[in-house]
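All chains are identified by letter, namely A, B, C and D, in their written order; residue positions are counted from 1 within each chain.
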Amino acid sequence: MIEMFGVSKVYPGGLDALKDINLKISRGEFVFIVGPSGAGKSTFIKLLFREELPTRGQIFFNGKNITRMRNRDIPFLRRRIGIVFQDFRLLPEKTAYENVAFAMEVVEASSREIRRKVPQVLERVGLSHKADAKPSELSGGEQQRVALARALVNEPDVLVADEPTGNLDPDTSWEIMKLLSDINKRGTTVVVATHARELVNAMRKRVLQLDKGRLVRDEERGVYSNEA
Amino acid sequence: MIEMFGVSKVYPGGLDALKDINLKISRGEFVFIVGPSGAGKSTFIKLLFREELPTRGQIFFNGKNITRMRNRDIPFLRRRIGIVFQDFRLLPEKTAYENVAFAMEVVEASSREIRRKVPQVLERVGLSHKADAKPSELSGGEQQRVALARALVNEPDVLVADEPTGNLDPDTSWEIMKLLSDINKRGTTVVVATHARELVNAMRKRVLQLDKGRLVRDEERGVYSNEA
Amino acid sequence: MRLRTFNYFFKEAFISLIRNRWMSLASIGAVASALIILGSFLLISVNFDHILKDVESQVEITAYLEDTVDSIGITRLNSQISSISGVKEVKFISKEAALEEFKQQVGKDLLEGIDNPLPNSFRIKVDNPQNVASVAGEIQNLKGVEEVKYGKGVVEKLFNIIYWIRLLGLVIMVVFAAVSIFIISNTIRLTVFARRREINIMKYIGATDWFVRWPFLIEGMVLGFIGSAIAIGILAGGYVYLYNIVKLNIPMISLIPMEEFYNYALGFLAIGMFIGAFGSSFSIRRFLHV
Amino acid sequence: MRLRTFNYFFKEAFISLIRNRWMSLASIGAVASALIILGSFLLISVNFDHILKDVESQVEITAYLEDTVDSIGITRLNSQISSISGVKEVKFISKEAALEEFKQQVGKDLLEGIDNPLPNSFRIKVDNPQNVASVAGEIQNLKGVEEVKYGKGVVEKLFNIIYWIRLLGLVIMVVFAAVSIFIISNTIRLTVFARRREINIMKYIGATDWFVRWPFLIEGMVLGFIGSAIAIGILAGGYVYLYNIVKLNIPMISLIPMEEFYNYALGFLAIGMFIGAFGSSFSIRRFLHV
């Protein structure tokens, strides 16, 4: 479902954030992306939903070359990918409920559907009681869970999460991981960039390890790190 | 050095973020604040540097009651506290170097001093090579380290860090913790709100545990959690 | 696009107006300010033009008749002059009336005791000031007319001045209109700029350009509408006030009554809404391409 | 505060001007636009006033002399009139000159062959139009003066109109100035608003209010300065251009030469800088209290 051929990303300023990445992620997989800070994990994710264009190489999503995609088709690509951003990217003037509902408005869901699903998904991330709070009134972990709820609500083909537990305590992190695992079992492809060693080691899923922009490890049922 | 007497914080909207906190943190201590998402950790920190005022109770910093402080004295309180914010709060139009230098400009350090210390502290957080990048050009973990560098550069009396390793891989997190420990050994009081169970357990420092706004545990040489 | 989505756009636009009330007020203020300036100048120049027209219409042709023309001849000449195309008004001034007027003018009976030396004459007004010269020429050719006078030279100069004043007014009008549009769109651009991150985020989670644009467009239109309505209110109020003062204190200047500006007011509303809508939808363009 | 800190403020201000160049341009544009409008209106109204003064100074008193006054009497009257306080200019019109003028006026030698019925007269101009009536009264009392005329009634009406026009001009000026200041400060407020988070952050890391404020203040001052300089440039250029056109095409209207506006230009620079500086430092107030 996601294929990359010789993908490199050089940011203006000369930094090679990704170098010659070749990989294939199939429908229904659960993939961890690990690697030290600045390794290129977020860049990898940004390429997937066309926040950034690769400098070289081709990226295919469901057989479509997204590096050649016309601007007006990009929104429809993004709707099939649910994204949890590392910096959350919540709309500051909208409440938690509205932030999640907005993702459904975008795909022109009916108001009935919205009223049904939004509370449901907020419940799943444990935020029903914060539905009416704005991002500035939420704790870091609460904001992160709103971002996750927003990514889930449209039942995307792929769920991409960049550091979805960075601001969460171990218990909540576990619940979130179980949630992602559930979703994955129902058929959604899940890609998670993370530093949560314990979780990665416990889940035993496919692990892609990046280091200074290179894909240095691609292991089924892998762990966070082969050293230590 | 920090004392709280019967401190409560009720946010507009009725939520009790902190309830009747009494504690004393002495000069030179190293304290972890732990607790689930939404427990009140960030609120606790916000009270320390007067981002928020407590609803009830008194807070003393170096014997001064900061709840009764005049507005124009607040900047001088804040200069004695180095803060790593959970959401970084970097100036978006300044480079990493300038963001750190700015904290020194604020205290009217000489340009010589600035030119000497900023590269030094960036080196310590491992970001010398990113000195000229703006926050939008940095990875999540890099931004977090810039925020740490900015908090360190003025050699504050207290270093307060809210989730300083949330976006860092385990190795870098360890280095950061060692750095905080070093600074603490040189006499700086360090207060760290965190979810990093492994680190807390390994360091064996004083642990304050919050739960739904209550201080439920205050333990010397404690661990992240007494259950599990 | 579904109808319900449009409902949503309207709801979004109004919610955003209220949430960003501070910026909304700034935009409304800018629209109102710019249009108040533009409108004041428009009112001034339209009235000035009105006064100039009055001045122009004061220009008369005087045709002095030969002493030999009798009353039948005068009647004939009167109808001949009236039938010249462009002539609006013909008034006969008998030599006695002329003397009377002369006395009035000089203020004293200077010509007392001597024979009236002044001739009979016609005073002719034309419909369009541009026709003065040609009408004067035609009258000159009529039998029984001794001489025609119309302040040759002076009239041309007056028309010349009026022409330049009108041109100047037009130039300033265009400049003011351009500057007003700039001020409004500038302000709207800044309010959109303050929300650039919001626009980016919408795009990142899969909104189409038009989905982002519509609420802004509606919002801009509402801001423009309110702003221009305020401008119209203030201008109308101020104008009526001035109108009454002028009417009372300087009766010789006749200002145009407020009623005649109703169509301008509609134009203003249209301008306000147009700039508001297109200003905001144009301004978000650069933040959409992410 | 150390000198080096001040250097830093200036550096910060200029860096920020360039980094936020887009918003800087918007602010400069707003300052320039508002001042262009204000300046245009100022130029128009000052010139209009100039022309009105010209009109006022055209008001003359005519004193008709008794036929018995001989040339010695005329000389005596001339010096008597000249010595009346308020009299600016005295011109003798002999009865022959008056006839000539009359002929000119009527356009034909209507009075041919009869004795000149017109009297000798003086035409008197006064320094201040307000004095016309009293000067006329004094002249009336002189021996040898038969009658004095000065368009009584008409002059008073003219003065009345001029008074109202001046008042109207002043009112509009005040309105325009207020609106201009509003537009400028509104824009500056929006640019500060777009940077509200930045200001908060500075405060959170221990900056004093003044430390945050100074660079904004300097920045606002520079923006105001540049904006008003641009406005002055455009106004001066446009005015000189118009001045030359008017001079060439309507010589009877005498506009005020550009040179006389130099002090206004300085005033504009001062206004621009003042609003820029205080607009921005005032606007950041609400973001400082964190």
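The working rule: contacts are C-beta pairs under 8 Å (C-beta built on N, C-alpha and C of every residue); 3 or more make two chains touch, one makes a residue touch a chain.
The structure presented is a predicted model; accordingly, all values stated were derived computationally and were not measured.
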Subunit D and subunit A - chains in contact with each: B, C
Reaching subunit B from subunit A through chains that touch each other, fewest steps: 1
Most remote chain, CA-based centroid, reference being subunit B: C
Chain centre separation (subunit C, subunit D; CA means) in Å: 23
Centre distance in Å when subunit B and subunit D are each reduced to the mean of their C-alpha atoms: 62
Interchain centroid distance [CA atoms averaged], subunit B/subunit C, Å: 66
Per-residue multi-chain contacts in subunit C, two or more chains: none
Shared interface positions of subunit A, touching two or more other chains: none
Pairwise touch network: line, ring, star, complete, or other: ring
Chains touching one another, given as label pairs in label order: A-B, A-C, B-D, C-D
In the complex, subunit B residues that touch subunit A: 11, 13, 34-38, 41-42, 86-87, 130, 133, 137, 139-142, 145, 162-163, 166-173, 195, 197-198, 224-225, 228
List of subunit D residues in touch with subunit C within their complex: 22-23, 26, 29-30, 33-34, 36-37, 40-41, 44, 64, 106-108, 110-111, 114-115, 117-119, 146-147, 149, 157, 160-161, 164, 168, 172, 175-176, 179, 182-183, 186-187, 189-191, 193-194, 242, 245-246, 249-250, 252-253
Subunit D - residues contacting subunit B, complex: 1-2, 4-5, 8, 16, 19-20, 197-198, 200-209, 211, 289-290
Of all residues in subunit B, those that touch subunit D in their complex: 49, 51, 71-72, 75-79, 83, 85, 89-93, 102-103, 105-108, 110-111, 150
